[in-house]
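Please go over the structures that come below.
Look at the two complexes coming up: chain A is in both, with chain B in one and chain C in the other.
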Partner chain A sequence: MFIDAIFYLVSILLISNSLLILFSKNVYRSAVFLAFSMLCFAAMYFMLSAEFIGVIQILVYVGAVSVLIALSVMLVKDIEKSTDNNRLLYYSSAIGLIFLVSISFFILNFEWNEFSRNILDGSNCLLSNCGSEPAILIESTNWLGKLITTDFMIAFQLSGLILLASLIGALALLRIRMNDDSK
Partner chain B sequence: MTLSNLLVISAIIFVIGLLGTLTKKSTVLVIMSLELMFNAAALSFVAFSRFAPGGLLGVESASRVLSGQVMAIFIIAIGAAEAALALSLVIAIYREKSSIEITNSIDIKEV
Partner chain C sequence: MGPVRESFIFEFLYCHLSLEASCSSVRIINIAFIPESLSWISFSLTAFFWIFVFVNAALVGVLALIWGERRLIGKFQARLGPNRWGPLGLFTPVADAIKVMFKEDIEPTLSDKLIYVLAPILMVVPVFMIFPIIPYGAKTFLTNISVGVVFVLAITSINSLSVLMAGWASGNRFAIIGGIRAVAMLLSYEIPMGISAAGVVIVAGSLSLSGVVDSQVIPNAIFQPLGFITFLIASTAELNRSPFDITEAESELVAGYMTDYSSMKFGLFYLGEFMATIASSAIIVTFYFSGWRGPSFIPSEIWFLAKWIGVIAIFIWFRATFPRLRIDQIMSLAWKGLFELSLINVLVLALMIAIWPDPTGMQLLLMTAINWIVFLASVYIFGKILSPNLTGNKIKKRSVIYGLD
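Showing the complex of A and B:
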């Protein structure tokens, strides 16, 4: 099917861009590959009928975080040695491989349909072989707004508080050093 | 496009981010890998929300299906806050050490 072909194309692009972040020789290119892989994440969200999350992903990650990272790349002095690995490369590759194999084994062998049938009895659409998407996703942005302002109100306020605290912390970190420099 | 495919892709991206976090010397690359791990988690949340049992339109169905997307929004907010704070920490480390490599001798108190 057409949507499946696009899905596999986007997932190949996503994985290859993420690998290129680690294996490119120049840290600035890594920042550009990070922006590309964030775009691929946004494409994934659009295909999963989560339009609002996709738009937010493009705005926040491709627009803001990539610019922040590109700015901090300018602090790198030795651009040739900037992508070096430390001495834990082989150990952490082994640990990552074991983690990946075990979690993929679990995901591919878990009975998602049985799980869905046991905890949510009698629903019209089972977890892993949904032919059509849930009807609520057609007007998902509307319902997301209602859900955030009712069920998730405290979490929403707290995430705003975390954003404020991190911005104040960032300013304070830089401000203290400025005062010391002026002495 | 099945749930298992999406979860495996999310696990692959998470492991790539984990490798970058554990093995890179440059602080900027470690932060990029952290962002990858955040987004892999958000992708699996959105995948579960897409393949959740649907039901009729209504508040119950909305809170069952769309909770994953709400979690993705919170993950994006926390990721942006973390990026801003971590990059200001990078600048602070650069002022102290004139280098942003992660070595054994970085003491956060000095920063």
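Showing the complex of A and C:
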């Protein structure tokens, strides 16, 4: 009951913040509402017993990505009123709606139970009482670490590679600009 | 109901309210009156009580810190410090708080009203969330979340957003420059802080703060001095405290992002910073001074409190001693010094844990010795490499590198 009440409270906050991102004319306010909705996402993850992902959500999206977005929004020409990009509201809403429909179709038709059973009952069963749900809920961080370093090793390494590539790309761009400046 | 069985202080109060069957052994006096079917009421009552206690304890702690900081800095600077209002000047922060509350609340015309109001709130509220997860004693903690270490890092990273919001919403150039400087500094110092914390996690083999405390046979400050020093410097920077108080460097930027804030909104920023100092000291005690552990003739809570006050005194000592760094010095210290040092620390620790996964007493001493050798050698080398950059002889060349021409 108590937990349910908090769940609905967070949901209302999440939805209203997301709508405010779309409908506020001020671009900077949109960035701030984006940060708040990220915080609500983290709260959702906490309530689903995915503490690690929730915490990383705060660390990466609220602590770093939102700040960078807010910094880059400062460079926009007309922050207070809507800009050209802001006027694309209806097109972007349509695209978002298509995305929402397709992803909810996927989620509703996916065999979640079978998927988790396949992962947990497979050869990489690492805990003695694996397969039972409570073990996962309590040790979700442990499980995440073990799965990342066994089953999803390639995906994990690939994402690291993409991040490294973007880092080097950013450095290279800066380098080119600095060389131009010094001439 | 998750935290009930985990935390002693939560369970103790919960069981004196609820008539739950499994609770009867915990009760000392039989005064419970809420039936088992309404357990959510007793749960929320207990939760609200502890939230109340923690929030008010944090506020009282801030008053104590303001008083202690002024007295100590007075001693450092060979003067008396506040001594008029109450015994030893104890009521000075109270007078200060009343003064702040009754000041006129001014909102600048060019400010973005909504964000202007939200920023100080976002500074204060997250800090409250750190206090409940810290183990203050062998049995005294409220929750023991399984990802405590990362949680602490995540919560402390929110304040950079608040600083940026405050800087922008004021509609004032000093405030924006202060905010951008602050964000550059906070984001840079989060990285060495996180990597040093990874060293603690490697040794503990657990992300929960109780696990970190349990793992420290030798306190981490002695066991991994390199990680301790990098974490201490990085958290000083995260707290915006001197010598890293570049965001509000009075002589350069008036008051940085707080320039246009007055009355209780300014008071909230002030409160947030002091509370973050207290929380951060508690985290350093947990990570590096073995938390509540100590010889058992003194209760564990007293041990924790003594170490806590000691770490806060270190922060005050920093503030009284070091001159303020310039912004380029701060950035080069983060990226050319602390970042590499913390990486070396993690690398050495990971190698040693790979060789001795379950160290005995002798092996622990050996590991400590290796860590100290690495610490002294790498700090010496990095000092040699960095010192010409820090003295400021190469300003011209560096301003080209940063594109500041």
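The criterion applied here is as follows: the second predicted complex is superposed on the first by the 127 of 183 C-alpha atoms of A that agree within 3 Å, B and C clash if a C-alpha of one lies under 4 Å from a C-alpha of the other, contacts with A are read in each partner's own complex, and residues count from 1 in each chain.
Rule of thumb we're sticking to: a residue touches a chain if its C-beta (ideal position, glycine included) is under 8 Å from a C-beta of that chain, and two chains touch if they have at least 3 such contacts.
Keep in mind it's a predicted model, so treat the numbers as computed, not measured.
Contact with chain B, but none with chain C, is seen for A:151 once the two complexes are overlaid on the shared chain.
Once the two complexes are laid over each other on the shared chain, residue contacts for A:2 go to chain C alone; chain B is not touched.
In the superposition on chain A, A:112 contacts chain B only, with no contact to chain C.
In the superposition on chain A, A:11 contacts chain B only, with no contact to chain C. Residue contacts after overlaying the shared chain place A:163 against chain B, while chain C stays out of touching range. Of the two partner chains placed by the overlay, only chain B lies in contact with A:65; chain C stays clear of it.
With both structures placed on the common chain, the touch criterion links A:32 to chain C but leaves chain B unconnected.
By the touch criterion stated above, A:55 is placed in contact with chain C alone, chain B being left untouched.
Annotation for chain A, partner touching more residues between chain B and chain C: B.
Taken together, the two complexes place residues 52, 56, 64, 71, 140, 174, 177 of chain A in contact with chain B and also with chain C.
If you check the complex, the residues on chain A that touch chain C are 1-2, 26, 28-29, 32, 35, 51-52, 55-56, 58-59, 62-64, 66-67, 70-71, 74, 138-141, 174, 177-178, 181-182. On the chain A side of its complex with chain B, the touching residues are 3-4, 7, 11, 14-15, 18-19, 21-22, 27, 30-31, 34, 37-38, 41, 44-45, 47-50, 52-53, 56-57, 60-61, 64-65, 68-69, 71-73, 75-77, 81-86, 88-89, 92-93, 95-97, 99-100, 103-104, 107-108, 112, 116, 120, 123-130, 132-137, 140, 143-144, 146-148, 151-152, 155-156, 159-160, 162-163, 165-167, 169-171, 173-174, 177. Chain contact summary for the complex, chain B toward chain A: residues 1-9, 11-13, 15-20, 22-26, 28-29, 31-33, 35-36, 39, 42-43, 46-47, 49-57, 59, 61-67, 69-70, 72-74, 76-85, 87-92, 94-96, 98-100, 102, 111. For chain C in complex with chain A, the touching residues are 40, 43-44, 112, 114-115, 118, 145-147, 150-151, 153-155, 157-158, 160-161, 164-165, 168, 176, 180, 183, 187, 190, 207, 400-401, 403, 405.
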